[in-house]
């Protein structure tokens, strides 16, 4: 049974009504890693935010269900929804430099959810934090726990955020482009770390990225997004062998291969763009009458 | 070592500032028309009376010479004798300073609380009518001078619903066991809460009148920096941890949003002390400001000089404290 | 009974109980009298410094110190610390008999030495007594039993009047010499009806009744005088019941509250007048006469001061010795226009000059000048108002550089013509602005005139001459409004001094 | 592919055009005062003193908002008062801005001893208690419109200098300034062409706030009986005069108070509105 099931989720901008998500459906089973791929602005991180209930105030959900561990979050009152998400899901943010509170030491930022939301005893939470910092290979974790965010490197801080996410043993983790803000050398280590942690803890992982290379190494299945609409949803193996949708193929062609870095990159052709635009228009007309 | 160097530099600049203030006020009040001697002339006085009195108060010498006499006196702690009160200026000024300081501190506390509540509510309800209402309320608080708030308060809580005392600093008939002039603080230290309540009942209206415009300024600025902080990632992360919006604002956003407001509070505090003149006059509160107006009306030159210099000292001292506390509170600077 | 019921701890209870909005019942018995006074007390020495010549704080001094001679509420003298006084036959000596059985507040006996020492101290220029020019006319003060004798260096007919006027106070010789000026300032003692229990500068003074006062112990045993300089705050104090007596509030507020509280409004020895400086257009008698005739003094009193004020045409008030009801300057708009026309001025070609006034120093001072300027504008006088502070007024007057017209008030609680018309109009005096030789000739001989009746007649002639030539424009005699709680009746003193020992329980 | 973010537009906000409306009304009243004021603001009639506004009993037709204790028409004095209020606001505000901003710009950009001298001057000026200093100043200059303006300028220029200096320093560190200098531009022209345009929005916001403050300072000075000496009506003067008879003739104080309040509120809301428009971060 899939841990997260999103059905027909639509969202739009308040005021102008500009569509952000168009009836998105996907599901992530326990222990499975599902990728959300698309150009920037395609709505992939919006889905992650919708699931975790942190949509920007200017965006409103118009229809759909988000079932987390069998319960539709949208039907719960805000406070109840927040607590349930806090207890069962977690976020690995994109930019570690801004995701830690500069005026608080590291320790409370890792243990606060355990103590306040999950009701753990302080001692158990501190022990858990130490154990997780070891797991994410942070040298001298006692000193790190006492120090302030500005005293640590970007890579170190991302490891802490990963540790903090896994500390609560969440059933679902949303990783919102966790390596984009890091320099290349550190990206590989962090990717490897996330994959190992996910495998070890058996957490369902929703991995938002624009890098198909990452998807091929980490995810088991993926959804390709364009204009807030799921263009294709397939297992990774089938996708890389033969993507069904024209836009997916164009996207794959535009992605540099590690194996052949010098190959000239083919930008997504105009025709394909026109095709998928038409699809969007048709979808909207359908949605209006539906 | 670096901290010491900047501290010494600060002391030097403070000294320059104080000297500059002393010179300017010394010249200005001697240029002001209406010298104190004319004030003292009785009906039948003759010209030599005028000359004799002028010489007696040393006002016949050229201004630079008068300044040197005054400055040399100050170095030995003698700020001259007040013409009207015929007592050393230093005793008078230091006697009245605690009252003004306490009033300013109480006004600041009220302003911070009021401003804080406005900012937090405004942020919590940002984008809604509530925030628009708070903005208009802040605009109103800012656009009415504090003495008019004083008038409104006197009519409301002094006469219509007599809840607070209208003038003075304490009920005269009470016997005060205080040794210092810091009535408010000492009444707490001595656990005399009956006296404390009486003093607060006297100070509340003037402090509130002073606090309303200040609260508006603090409220607006804190709300703005809070709203900016609310967009940062660590706030969003905290929401995913399951915390409610109130917790997120107060525990995650507020500690970081306070820092820029702190420097403003420091500067406003100095304006506050300087600005109590009118309110002390309206509420007959015996602070420095009240005495300052009498000094100006009676052209009590040494007293005016003493009061202005004291204000300058407080101003520079408060600035120093604010800068130091900014460094202490901001972890980045503390662990430099 | 704790005077006030308010305190923050009881705030909630108070606001609930304050449902019956309105005046807290202040009719119950009052044992601690609280007075909201309108000016701060700068210094406790009533004989030196600027406060010695400030009429508004004499009431505070008269509660703690006694003057040589007692002045009754109708300004007339009566035996005080001196029971009898006078000159010898050829006016070369003055003698005074000193009251016996009086004690200072510290219990030490009051003797003739104190009187002689106080007079000698006032005569010594070094002490800085501003009325030194009067006290200096006496010398060689000596004590004989309970009498004090002094030689008259130069005869001054008003010497005994000054003994119940500015700086005419008796200080304790032994105590003063022991504690010195600063000690006296910190803990003043006198022989007066009240002793100083606690003084907080710019805040309040707490007085305790002097049970062995020679004039009889006062009724209120403890009196607190709070210094509340703002009029609206004073009114609020008395209206809310946290003070029992206050004075000098706007007349509109006096009218509003005199029903619910006790009101007393009596004329005092303080007049409002317009100084005329003999410069520019003011040298033309027609302009001066027109300016005087064009002012409808009664309308200004009725409309601006709610009727509280006495119209006067000379610098004397009815209570003064040299008052002459026959000298009048009517309100005559046509006459004013005619006078201006005689000098070629009129509504179409107005005469222009500047008039100076204070703002907020005396009740409605600025509004009165605005009203006068309005009245003048109708007859063809274009006056430009310049507001200045009282300090600047004194300086300009001392330097004789006041504008052609300047509004000012003139106190004279002795009622003698020398201290009203005399100092205001006598050229050489630093206080006068009019320097006409004719007037100097008329006033000169009166200073030393020994025959009292002849002296008074002389001053009346001077006043008549001044009125006819409009050398000054007297306006009104101020009325002092006093409000007090139902439980207190106040006997107003014509000198304007508010005296707690004259207050009785209603 | 249209990007959703571009669609977020900030609504102009009723506060902005409401305050613009009031200030426009005010400017109109100030310009046309002599023609639209029903009565001569200085004309007195002691027998028409303290008439209530038109809706109350005992009102006199023609005196819409009643009269003060000297029988002068409150509405006409309000309208003429607008002229003085705007003069004080515009003249004092802009001179303060001119002096303060220039010194701030010089100090912030040129740095070196210029900065030290100006910063010390700012410190010294701010060390004076503002109200006390203005009372002294007016005592020296004598009351009058020009001395009020001078008092406001002398006291408040530091507000501009401080903010503009900080802004100029921040802008100075930006890369585009360095590139201008590399292109051989003189320091002064760089300052004017590069830094000034970027500091301008802050200056404009401060200017509008300063205008509001100037009107308040005039009211404070009137309360201390130091305001304009002549008959010309100012709101502050009317409030101070109305204070003594608040119970009998409340309208003498309340109407100028409302006018003062709306004007200062409009200036501050205008300033806030401009700050929103120029400051994208603030949602």
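Lettered A, B, C and D in written order, each chain numbered from 1.
The working rule: a contact is a pair of C-beta atoms (placed from the backbone, for glycine too) under 8 Å apart; a residue touches a chain by one contact, two chains touch by 3 or more.
Just so it is clear, the structure is predicted and the values come from calculations on it, not from any experiment.
Undergrad: Report the chain whose CA-based centre is farthest from the CA-based centre of subunit A.
TA: The most remote chain is C.
Undergrad: For this structure, I'd like the pair of chains sharing the most C-beta contacts.
TA: The chain pair sharing the largest number of C-beta contacts is B-C.
Undergrad: By Cα centroids, which chain is closest to the centre of the whole protein?
TA: Central chain is B.
Undergrad: So the centre of each chain is just the mean of its C-alpha atoms; given that, what is the distance between subunit B and subunit D in Å?
TA: Taking the average C-alpha coordinate of subunit B and of subunit D, the gap between them is 23 Å.
Undergrad: Return the distance between the CA-based centres of subunit B and subunit C, expressed in whole Å.
TA: 37
Undergrad: Taking the mean of the C-alpha atoms as each chain's centre, how many Å separate subunit C from subunit D?
TA: 43
Undergrad: Distance-wise, how many Å sit between the C-alpha centres of subunit A and subunit C, to the nearest whole number?
TA: Subunit A and subunit C have C-alpha centres separated by 87 Å.
Undergrad: For subunit A, give me the residues that contact two or more of the other chains.
TA: 57
Undergrad: Could you list the positions in subunit B whose residues touch two or more of the other chains?
TA: 33-34, 126-127, 151, 155 - these are the residues of subunit B that touch more than one other chain.
Undergrad: For subunit C, give me the residues that contact two or more of the other chains.
TA: Where subunit C meets two or more other chains at a single residue, that happens at 232, 388-389, 391-392.
Undergrad: Spell out the part of subunit D that touches subunit B in their complex, as residue ranges.
TA: Listed in rising order, the residues are 15, 120, 123-124, 126-132, 135-137, 139-140, 142, 212, 216, 219-220, 223-224, 239, 243, 246, 257, 260-265, 267-269, 272, 281-283.
Undergrad: Please output the residues of subunit A touching subunit B within their complex, sorted ascending.
TA: Residue list for subunit A touching subunit B: 52-54, 57, 79, 82-87, 89-91, 93-95, 98-104, 109, 112-113, 116-117, 148, 150-151, 161.
Undergrad: Going by the contact rule set out above, which residues of subunit C touch subunit B in the complex?
TA: Residue list for subunit C touching subunit B: 3-4, 6-11, 14-15, 18, 21, 24, 32, 34, 36, 40, 42-43, 45, 48-53, 125, 128, 130-134, 166, 181-182, 185, 198, 200-204, 206, 222, 224, 226-230, 232-233, 236-237, 239-242, 388-398, 419, 423, 428-431.
Undergrad: For a test of understanding, state which residues of subunit B touch subunit C in their complex under the given definition.
TA: On the subunit B side, the touching residues are 33-36, 38-47, 49-50, 52-53, 56, 83-87, 92, 95-96, 151, 154-155, 158-169, 171-173, 193-194, 197-198, 200-201, 204, 281-284, 286, 290-291, 294, 297-299.
Undergrad: Over in the complex, which subunit B residues touch subunit D? Could you list them?
TA: Residues 13, 16-18, 20-21, 24-25, 28-29, 31-34, 126-127, 132, 135-136, 139-140, 142-145, 147-148, 151, 155, 224, 227-228, 231, 267, 270-271, 273-275, 277-278, 289, 292-293, 296, 304, 307-308, 311-312, 315-316.
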